[in-house]
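As written, the chains take the letters A, B, C, D, E and F, and residue 1 is the first residue of each chain.
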Amino acid sequence: MKYIIAVIRPHKLEEVKRELEKNEIHLMTVVDVLGCGRQKGVTEVYRGVTEVDNLLRKVKLEIAVNDEYLDKAIAAIMKAAPEGDIGDGKIFIFDMAECIRIRTGEKGNLAIG
Amino acid sequence: MINAADTVWMLIATALVMMMTPTLGFFYGGLVRKKNILSVLMQCMVILAVVSIQWVLIGYTLAFGPDKGGIIGGLEFAFLNGVGLAPLEGQTIPHQLFVCFQMMFAVITPALIVGAFAERIKFSGFLLFTILWSTLIYDPMAHWVWASGGWLFSMGALDFAGGTVIHITAGISALVFSILIGKRRGNGTSSSPHNLPFAVLGAAFLWFGWFGFNAGSALGVKGQTVSAFLNTNTAAAGAAVTWMILDWFVHKTPTALGVITGIVAGLVAITPAAGFVTPMASIAIGAGGSLLGFIFVSYVKKKLGYDDSLDVFGVHGIAGIWGALATGLFASKEIGGTDGLFYGNPHQLWVQFVTVVVAIVFSAVGTYILYKICDLILGMRVDARDENIGLDLTQHHESAYTLVD
Amino acid sequence: MINAADTVWMLIATALVMMMTPTLGFFYGGLVRKKNILSVLMQCMVILAVVSIQWVLIGYTLAFGPDKGGIIGGLEFAFLNGVGLAPLEGQTIPHQLFVCFQMMFAVITPALIVGAFAERIKFSGFLLFTILWSTLIYDPMAHWVWASGGWLFSMGALDFAGGTVIHITAGISALVFSILIGKRRGNGTSSSPHNLPFAVLGAAFLWFGWFGFNAGSALGVKGQTVSAFLNTNTAAAGAAVTWMILDWFVHKTPTALGVITGIVAGLVAITPAAGFVTPMASIAIGAGGSLLGFIFVSYVKKKLGYDDSLDVFGVHGIAGIWGALATGLFASKEIGGTDGLFYGNPHQLWVQFVTVVVAIVFSAVGTYILYKICDLILGMRVDARDENIGLDLTQHHESAYTLVD
Amino acid sequence: MINAADTVWMLIATALVMMMTPTLGFFYGGLVRKKNILSVLMQCMVILAVVSIQWVLIGYTLAFGPDKGGIIGGLEFAFLNGVGLAPLEGQTIPHQLFVCFQMMFAVITPALIVGAFAERIKFSGFLLFTILWSTLIYDPMAHWVWASGGWLFSMGALDFAGGTVIHITAGISALVFSILIGKRRGNGTSSSPHNLPFAVLGAAFLWFGWFGFNAGSALGVKGQTVSAFLNTNTAAAGAAVTWMILDWFVHKTPTALGVITGIVAGLVAITPAAGFVTPMASIAIGAGGSLLGFIFVSYVKKKLGYDDSLDVFGVHGIAGIWGALATGLFASKEIGGTDGLFYGNPHQLWVQFVTVVVAIVFSAVGTYILYKICDLILGMRVDARDENIGLDLTQHHESAYTLVD
Amino acid sequence: MKYIIAVIRPHKLEEVKRELEKNEIHLMTVVDVLGCGRQKGVTEVYRGVTEVDNLLRKVKLEIAVNDEYLDKAIAAIMKAAPEGDIGDGKIFIFDMAECIRIRTGEKGNLAIG
Amino acid sequence: MKYIIAVIRPHKLEEVKRELEKNEIHLMTVVDVLGCGRQKGVTEVYRGVTEVDNLLRKVKLEIAVNDEYLDKAIAAIMKAAPEGDIGDGKIFIFDMAECIRIRTGEKGNLAIG
């Protein structure tokens, strides 16, 4: 079982979700985050104080998948998320020790989907 | 002769109408995405500032300066030259106060259009367009309908508080503009309003301000003032209830956005009629504006596929047209001195119809031309990257809200 | 005879009171959880619309139509039939303007109750209840106290701007309602206000609007108008300071929520007395309302265990009762024509007491019956799932704010 | 003799000015960090309450009681003793209404200073300071400039609506205070406004309220009232446009914060001049205030290194000084009865200059002394931990917003 | 050392926290998230545009525990979080390589509690 | 490859970021969270209802690093984040199975920085 954390551009969320759904990945958790990356932030100006805030709005997806879905999930994200510019984001993948569905108590692969 | 009570009323009415433009910013701003609210507020505040200046320099005189052939005002009052405190003929308030009151109408009209191009316009292009539009579309239009000597005025067009001059003109310009600038990227998905309470706040204060807008258009404290006041309220109420019921039947649920949209549609619809109709007629006019607005916003827009971000056309244009025509139906001599169709005067409806057509054609053509010019000079639409990041950051280098702090 | 200055003042006062209902929505809406704010705003806006219509159709005539036996107004003015611009006897403003001003009072009274059932009411049940309550509780009550011929009016009850008719009636109804509908699920934990600045905004504009509410109740520009204006301000101020000090002593910290709650309590308390007492008395009345409100909200409510979500009873009910009685204590002939106990007229206190008791009994019984009827027909409380998800999504299919965008 | 129209206007003007203080809270509150907004709102609401009480007890009589040697008012009107409805000599509104109107000025002045010490002040210290400052700085200053008999008034100082008494006094006190209390911790990093829409809301309603502030200062409906009204609007507009252009040139982008800051600077600048100058002059005065404010906020502040959190000095102090002097330049006999330098009366500029110097010296020294006293008694600055956690939680034990709910 | 990520219904947060505390688990980090799951979202209507937004408000808990507390923690969540309907949420469990208390520099098991 | 989750005091964010940057760690993702820890919350009072809410505002940093940067990253956080009082926060470290840069498709160590 794998846990995918993907940081993407906010306006790509819909597209990525749609692409994942095409690949039968329907379950995920979404968080509003600020990302600090290679992408230079947009300069902000407040009463003459100019600051390049390099914290940019991003969206973080967390997706738990069975091993056989991992490649599909990655491919879907890789397809829908990029614009080709710096700031497209990253995918981080983790081994997951266990997964439990709270409602039923099901565990492991059964619980993921 | 100056009348003190009239003057007091007009001072307040003017202040109320001034307040409507920022308030409109909140009505609109609450409905856009988080990354674009400041751009909407900014546009409204800048219009308030820029048109206030334009008006005292040149706008007022174009609209209300001594008539030149029914078409435009002369430059006699440019820079408010010779505009003092003595009242104009037929008026009872200081001339400068009339300037102020009319100024606020000149301000809010282009601000209404903001809803059409929200979330994708370049600020510089917006600014140029606004200045040109105010001077070349609004000012002549105001002259035609409201200035004694204006050709539509001479025809006997009834437009109590600006249904034609303001709402139709703005609504049609919005439609043309939204077609020309094109759809928002990724429109249709996840475009829920980012802060509906702000939109409710805006609608509530628009209602409040509209008392000044409509009842102030009597230019003093008369019977018509009170009629207009009461009618404004009942029309808004009737329209809100209508939209709520439609929402409930059609979409199975009454929504807050529906109610506030209805309110605005009702206020728009009653605007030209406010001082001419009975309270019961005002309910009907409000309800009619709401019904037509509902149909346009829910069905026609989807069909036609243009992207009028915040339904300026559906709400202001359609309800404005309805209101102008309804004035020709419901006007009653007892209230405002002129009868409409229902009181046996079909001619009035014809006059209203002509006015509406003129307003539509003039503003459509004018907006088309001005858009093309501004687009050529400065460009009107931001590029994809800027639109994705949002106008607040790319046009103004500011964020409305902080995420972490 | 119509007086222009009086008319101007009443136009503004009416607009100000109109603004109070949405503003109350923000005062309440800021205090509920994020998932319920729209439902509160929606309820306030819908009341504004629906009661505006109810009032011109039937409400006004029930309350202020020609008296039938001291109990109710006749239907002569239904649909505003025959209600024109000529002033009523003893008045100096157009009849229609009086209708408008009173309309706004009829609007805000049921809106006050919204705070009692917030976060758990079904919208359909709410709507039915509101319409019935306005017609069957508010309209008769207004007739009794304010219409010449009304039986409490004839007894000499003093209620300058609606302490009894509005605040006691709403406060008691709120109490009964909150007991009948039961506690919110999971109440007591993590029920912090989701947006206190909105509540502050609401309170601030309530204060602003209350000048129209109280000083407008003089129905013109007289000495009493100015007294009421000044008293409104000092009472609110005195109450705010009182609550702040109590908070500081009792809870070891002055809170913003305390200050704004105090403000509202003070405004409520001065409402019946505004045109009858001296400025110094108004401070005392405000402070008293605040003190009693504080005790009820902080102690009595916990003891009794009902869940009046936003303390309508503790603030409006209690401070309203105090204000009505305090009017019988502090009224001074010099200010408003009648003396109270402290000026040697104990009888007035008795009259006030009777009025309070009548208002309590009538609204308690009435609310009980109406609640039961509406509950039977439509059901009043949402089910557990809907309450957990929140009323915004389940009753209106909207979210107030977006999380990601 | 009481004039009804004048009275109506002053009732409204008073209500509008009352509304400005909470509104100022939103202007300021939107600009601070999320953890401090309530403290700002709280301070504004508490000032409104506390100074309202202080004023009727002692403040009014100190400022406007029978003159004692040009320095201070006597205690004859303490507790509003003998202050009734009969107008003061030379006035046409009830005496109590004059008290109310002036009260709102006394309220907003200390509220302006809130922007200087935001995000790091102890509430108790703030409260003591405010009460002392109102009584010992504001009340005498108001007497000197506005009370007949006041020594600056006798010199012929022109201050239409409080440029000197209010804005210079507050602006200078803010500067001194911000130096004494020291910089915010970690200032300079991530101090973006947490809710710019709130700041826009605040600015918009300040503009709205300022009509009451300036045009109300005519104390009735006269020619000057209308001049002041129009000038207020054009000055704000001119200033907004100026700041926008400066932002655009200097920082390469027009900003919403810039526009609203410009608006306030323009409103401040026109305050002393509003009833004395022509509309065209008012644009120049607004633009000048904006330009100078821009220079101070963008450059001088950085150079000098004090931490005036929300630029009270840069906006109110500087634009206030400019406005007071500009009154001496642009005043025209035709508008307000006195000529300035540009109309051949250099003496007026000298008088204005003296008044400005007096206001600066008096408020600087006074604030220094009062700060030291309050700091000794209660302490003025919160400790590091409280500042890091935020004033909302540590001073008021409340959070403005919930994160999860 | 284990790291638990639990996605639950927002209104269950208090109960879950209480249950965890009963089991001597006092430390956790809470985030507001949107969850996309089997649970069908509530239909949203905006000016006639009806959309079933399947992103629902959820709360995510992150809890680092020593191995001996893992079962307790899971049991507590399983007890307090479910309503029995779709949408009750999931628990994801990870092996954690290290844990450090910033204040003291303590590491490993000592740092967790 | 390691994934660091650090929970810190909000007002320390700038300092921590600066310290990390000094150590050539420029990339991270930041989330607003509520933390429940040993630190007693500030008492909150709402109309007389006093509650010690023990959920305090914190900021969570997520930083993916190559193994050789791990110690640097920890040291930087340990240097900038603490105030010495309870509530300074924690660092949690995980093994990461894979990392992908969405824009380029780079994987592993290459993708992290």
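Just so it is clear, contacts are C-beta pairs under 8 Å (C-beta built on N, C-alpha and C of every residue); 3 or more make two chains touch, one makes a residue touch a chain.
Source: prediction; values computed, not measured.
A.B. asks: What chains, if any, are shared contacts of subunit A and subunit F?
C.D. replies: Neighbours common to subunit A and subunit F are B, C, D, E.
A.B. asks: Can you check which chain pair, D-E or A-B, has more C-beta pairs in contact?
C.D. replies: A-B
A.B. asks: Given that subunit B and subunit C are copies and touch, would you call their interface same or different according to whether over half of its residue numbers are shared?
C.D. replies: The interface of subunit B with subunit C is built from mostly unshared positions.
A.B. asks: What whole-number Å value describes the gap between the mean CA coordinates of subunit A and subunit E?
C.D. replies: Going by mean C-alpha positions, subunit A sits 18 Å from subunit E.
A.B. asks: In angstrom, rounded to a whole number, how far apart do the mean CA points of subunit D and subunit F lie?
C.D. replies: 43
A.B. asks: How many Å are there between the centre of subunit C and the centre of subunit F, using C-alpha atoms for each centre?
C.D. replies: Chain centroid spacing, subunit C to subunit F, equals 49 Å.
A.B. asks: At least two partner chains per residue is the criterion; list those residues in subunit D.
C.D. replies: 4-5, 8, 12, 35, 190, 192-193, 195, 251, 253, 255, 257, 397-399, 403-405 - these are the residues of subunit D that touch more than one other chain.
A.B. asks: Of all the residues in subunit A, which ones touch at least 2 other chains?
C.D. replies: Those would be 13, 30-32, 34, 44-46, 55, 85, 94-95.
A.B. asks: If every chain is a node and each touching pair gets an edge, what shape is that graph: line, ring, star, complete or other?
C.D. replies: Graph shape here is complete: every pair of chains touches.
A.B. asks: Given the complex with subunit A, which residues does subunit E contribute to the contact?
C.D. replies: Touching subunit A: residues 2, 5-8, 31-38, 55, 58, 60, 74, 77-78, 81-82, 84-95 of subunit E.
A.B. asks: Report the residues of subunit C in contact with subunit B in the complex, numbered from low to high.
C.D. replies: 4-5, 7-8, 11-12, 14-15, 18-19, 22-23, 25-26, 29, 37-38, 41-42, 45-46, 48-50, 52-53, 56, 79-80, 85, 94, 96-97, 99-100, 103, 123, 195, 198, 395-402, 405
A.B. asks: Contact residues on subunit E for subunit B in the complex?
C.D. replies: So the residues of subunit E in touch with subunit B come to 44-51, 53.
A.B. asks: Touching residues of subunit D toward subunit F in the complex: what are they?
C.D. replies: Subunit D reaches subunit F through residues 35, 185-186, 189-190, 385, 388-389, 393-394, 397-399, 403-404.
A.B. asks: Could you pull out which subunit F residues touch subunit B in their complex?
C.D. replies: The touching residues are 10, 13, 30-32, 59.
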